[in-house]
Amino acid sequence: MEKIKVAIVGSTGYGGVELIRFLLGHPRVEIASVISASSAGAPITEGFPHLSNLVTRPLDGVDPREIAEKADVVFTATPSGVSGKLVPQLLAAGLRVIDLSGDFRIKDGAVYETWYKHEAPEAGLLEKAVYGLSEVNGAQVKGAELISNPGCYPTATLLGLIPVLREGWIDPGSIIIDAKSGVSGAGRGTSLITHYAEINENLKVYKVNKHQHIPEIEQCLSEVAGEAVTVTFTTHLTPMTRGIMSTIYAGLKGTYTEENLVELYRQYYEGKPFVRIRESGKWPATKEVFGSNYCDIGFAADPRTGRLTIISVIDNVVKGAAGQAIQNLNLMMGWDETLGLQLSPVYP
Amino acid sequence: MEKIKVAIVGSTGYGGVELIRFLLGHPRVEIASVISASSAGAPITEGFPHLSNLVTRPLDGVDPREIAEKADVVFTATPSGVSGKLVPQLLAAGLRVIDLSGDFRIKDGAVYETWYKHEAPEAGLLEKAVYGLSEVNGAQVKGAELISNPGCYPTATLLGLIPVLREGWIDPGSIIIDAKSGVSGAGRGTSLITHYAEINENLKVYKVNKHQHIPEIEQCLSEVAGEAVTVTFTTHLTPMTRGIMSTIYAGLKGTYTEENLVELYRQYYEGKPFVRIRESGKWPATKEVFGSNYCDIGFAADPRTGRLTIISVIDNVVKGAAGQAIQNLNLMMGWDETLGLQLSPVYP
Amino acid sequence: MEKIKVAIVGSTGYGGVELIRFLLGHPRVEIASVISASSAGAPITEGFPHLSNLVTRPLDGVDPREIAEKADVVFTATPSGVSGKLVPQLLAAGLRVIDLSGDFRIKDGAVYETWYKHEAPEAGLLEKAVYGLSEVNGAQVKGAELISNPGCYPTATLLGLIPVLREGWIDPGSIIIDAKSGVSGAGRGTSLITHYAEINENLKVYKVNKHQHIPEIEQCLSEVAGEAVTVTFTTHLTPMTRGIMSTIYAGLKGTYTEENLVELYRQYYEGKPFVRIRESGKWPATKEVFGSNYCDIGFAADPRTGRLTIISVIDNVVKGAAGQAIQNLNLMMGWDETLGLQLSPVYP
Amino acid sequence: MEKIKVAIVGSTGYGGVELIRFLLGHPRVEIASVISASSAGAPITEGFPHLSNLVTRPLDGVDPREIAEKADVVFTATPSGVSGKLVPQLLAAGLRVIDLSGDFRIKDGAVYETWYKHEAPEAGLLEKAVYGLSEVNGAQVKGAELISNPGCYPTATLLGLIPVLREGWIDPGSIIIDAKSGVSGAGRGTSLITHYAEINENLKVYKVNKHQHIPEIEQCLSEVAGEAVTVTFTTHLTPMTRGIMSTIYAGLKGTYTEENLVELYRQYYEGKPFVRIRESGKWPATKEVFGSNYCDIGFAADPRTGRLTIISVIDNVVKGAAGQAIQNLNLMMGWDETLGLQLSPVYP
């Protein structure tokens, strides 16, 4: 089986090493270059000894032409603001790009600049970029040149909300998202917010109604609902390394049972192997998807209040970043979307 | 200074040993008897070596008459269902009782039975029991014979909601409570839900809209609002030992800023040393109250959605159990409510 | 490629589900039966929802004849004492057995009974069982009918000690092993020692010089040294789910540098892909092998004291149990020993 | 009761805020100044909201004369290298000093410089400084002007070793110390070694035979033994916030039972309320001293190997830093050594 060659920019971040973990076992991919702006020339095992014997080439620097000589597709696991400038050069060099920063997710440059506080990439590229929520936009991803990989919170939240919103079962104005994340979501940079002694045995709220994933969620929900949707969105930092849980609340527009919901979701996600719907009365926990590309979803419909509670969990580093990026590579190439991703969650 | 004598039934649970920790430093209290139905005769240090040299008397059995001979006031840190039967005997023996089980919190026996699945105590006792939410019901607690100590979730939630609900700033029908707890809330009993390997690096949802603290919260909120209040209530198990965070959502009935809220709450809790209101733009984390009797509260008012988010945190074992029970003892006796409770949170 | 059929007895323990995780991706294996004495008839996803969509057959009961009809090889991930009785029946039914209990590790039945407090299996079987320390005994494992899979502590300790002991560089009478384990090593059974609130933010010592892995370590070291070796062995419970670290101390019999040691170990483990030797001045951490079959080893030789410190880490559930069992299956069948095990550690 | 006035330099480190936690409840102390070189002028609650309502004065800058005007005694919880320069100025300004850095612990300046890589303070001050291992050097601490507070590892290790070494029961050349610490020991500075995602679910070794606490331990043990003692010393970073465990190995010079050891230690530490000796067959866990000034010690004497294993645990932030510093203040002033320190461990 012929292999394509891929490069990874931002190899020394958590998204980058997770791409490596999965791509090492991908039957159609050869890792042609692992790239780090800050550590070029050093072995990646200096910072990540867990890759000893697995990745032996030294880290390359960021040179679009050199990347294009070595690779066909490039993953950019770079901070927001960096990708916006780098990606146009990579595309110009003839590469196909899967971008894990947030720079190409918001179609409206002005909205991007309000939430991200950076200058937006040029409008043409924003339009060209396909939003890679694999289960929903798979058809557009196929053959795309630039894929904007969704954020971690949006992935868990959108997969949990879209079927019921699309069906008109909930009031679009009533959506409240109480989201919780493990600490790896903050990246490998050091700061007080990632200091062990500050986070262990602690539960913190941050960026209430201010998180830059809000416009991404609202853009997608508005499209599904056919009207402008505004959400209340709270993010919590939980004392664990991986995992996101979105606990989503919405008012039901009719009398729907949990069984109705299970059926609706199982139909909507039929043939989508990475979404698993729990039966009525069961809800997923983050550890049940740890290390895997699954998104698990459960429901509670409360007749006392007429509200629906949706629980949606992912591993933020996998389905919320590297895993979905590889799923998008598979879709982009027209392959089986599970290639390289068929790993069971690690439990316990 | 003369001391009163207290007994603790249920000394070998987490609430029990926390009562001991604080009461050892209480200037007006002598611990006259530490009681355990299951371990009578053994030293408490067998199960709790951290109390070595601190508690040297052996555990006593549960004998109401014997307790009444030794003590003036008794804390019952017993499972729900047990207190309902034991407390009448303790009262009959002439003791004053502070009950930490849920058995005397719900005024309506039928409602109790629906949520607790036990037979309710007799109606007379339910009526007699004062609900010991110290900051709110301090006046009734003074001189009471039977105090029903609030649950951990209700304490964090009610202290966070009452001022704004009482003032009519929020829509009583819009309240959604997303609550998170550390594992100690499940008690010391062994089960899969408290197994380290199942909980570590995991975030779980349980009892969605089914938790027995719901009627307790609704009873109190309904009284404050002057109308029946029904809430959506989700409980999460978080990988930490102590701490509760209630993230509370409600629709605002007018345009209130965070500064308005801070001012309202600081006024309402003036002279209440255990409630601390964060300034606008800051929210409390559970570790900021770890090991202490504080309840810390912060706000976010979202002009985009017209919703208010309230963050309220406590240490579930202290303000959510033993600490508030001692605060109620202080109020009951007419003492300064901070006696024995003036400990700073342990940080980090 | 033709597949063999395997059965797993004890599927609902941590060793069992980890066997399933790896075997699902093994190119030469079909899981023919997942077996649980306690949960026969139920779906395994009831207790382990992380396996949703991955294992759909219900659990089978323990019936040696039925197992032999379905499978060629059986893994027994059963408690010690149970395997001793079951394995003879499985062998009699014509199955090849890889046993993960400790029942067949100690060649001398009397020694077994002293440390395990059970009756030993019959001497003939003890003799027949091949001790499956894959890197050391690979030749004997090939073609064996009964493999006794090593314990978790012995695996980390023996791989760390054998090269230097065999070479005569250390004093066999001076060996001290300070071992630390994550909580999953205690299994899924519920008890106070696995209660989250008791273990989190805690470091505990247990079974000092009394652990049943001592005779297993001494038996193997004595064979290597050609003389009776007695060790000091302490086990610690660490607040993490997976991982074992053996910190091993021994007196050096000559002046050996860390470079000498690195060279010796790299030579000894040449062609053994699952042992990785850190260069001088670097030591492995447990997370660097998390979820993988690696054993990583590092050294410090102290000229001030003439002592050698060896740091050896594994994932107790993988190289210390399920992973090495599959490695032994591969060796037994004459396959490449890495089949199904080529997973990178999960980091972070 | 008259109070003395104290100042704390380094208030915004973990040692500093722990001094505040205990001193707030000290009956003979008034906190006159909380000082931070980096945050002077700001409220301490900006970085430490857990102190809300408890510490309301803004942070002062580091000015020896100003400190001397406000306070009688000063705690210097500063990094090593800083204290060496600051303390002479504080003494010159007429203050008594309790120093928590390591700068005055090593009597031999040359040895200090080898291990600390800074210039040593002048010899006269090194001589003047009393090493404040409270239980051992209490007599010299009384009335001292400059106390050098012991390191965290040395405190746990020395209290565990001194009685048996002094009695001549162990071979001084055989001592091996396997030490484990929580992450708070690394301070509040941010670096990869304190990053949550790197430490959680991880056990790491660092500074094998290279830790700067080695000369401190050896200096004290040599004095006790009356001969030069050299130790093997390994430090491990454990996924918890607080706690140190020293697992100490030594060869016994005679046949001593665990009962003999318990008796010896209970005699040696008679009248020392902060050392608790476990009975034979029980060993302390770090959580049993969490948040308190206790050092708990247990033993295993192994007749098979003739070796003694000593387990000694402390809370590194309390008995290993702030708590012992206050104990030394009490001794220095001639007060009961438990003043302000009578807090039970926080459990669970």
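Order as written gives the chain letters A, B, C and D; numbering starts at 1 within each chain.
The criterion applied here is as follows: a contact is a pair of C-beta atoms (placed from the backbone, for glycine too) under 8 Å apart; a residue touches a chain by one contact, two chains touch by 3 or more.
Composition by chain, UniProt nomenclature: A, B, C, D = N-acetyl-gamma-glutamyl-phosphate reductase.
Keep in mind the model is a prediction, meaning the values are calculated, not measured.
Undergrad: Could you compare the number of C-beta pairs in contact for B-C with that for B-D and name the larger?
TA: Looking at contacts between chains, B-D has the larger number.
Undergrad: Tell me, please, which chain's centre (mean of its C-alpha atoms) is farthest from the centre of chain C?
TA: So the farthest one, by centre of C-alpha atoms, is B.
Undergrad: How big is the gap, in whole Å, between where the Cα atoms of chain B centre and where those of chain D centre?
TA: Inter-chain centre distance comes to 36 Å.
Undergrad: If you average the Cα atoms of chain B and of chain C to get two centres, how far apart are those centres in Å?
TA: Those two chain centres are 46 Å apart.
Undergrad: Send over the residues of chain A in touch with two or more other chains.
TA: Residues 14, 182, 184, 197-198, 200-201, 239-242, 285, 287, 290, 348 of chain A touch two or more partner chains.
Undergrad: Classify the inter-chain contact topology: is it line, ring, star, complete, or other?
TA: complete
Undergrad: Quick one: in the complex, what on chain B touches chain C?
TA: Of all residues in chain B, those touching chain C are 14, 182-184, 188, 190-192, 194-201, 239-241.
Undergrad: Can you tell me which positions in chain A touch chain B when the two form their complex?
TA: Listed in rising order, the residues are 176, 178, 180, 182, 197-198, 200-206, 208-209, 230-232, 234, 236, 238-243, 245, 247, 249, 283, 285-287, 290, 298, 300, 302, 304-305, 307, 309, 311, 313, 348.
Undergrad: Can you list the residues on chain A that touch chain C in the complex?
TA: 14, 17, 20-21, 24-25, 48-54, 184, 200-201, 241-242, 273, 276, 278, 282, 284-285, 287-292, 296, 342-348
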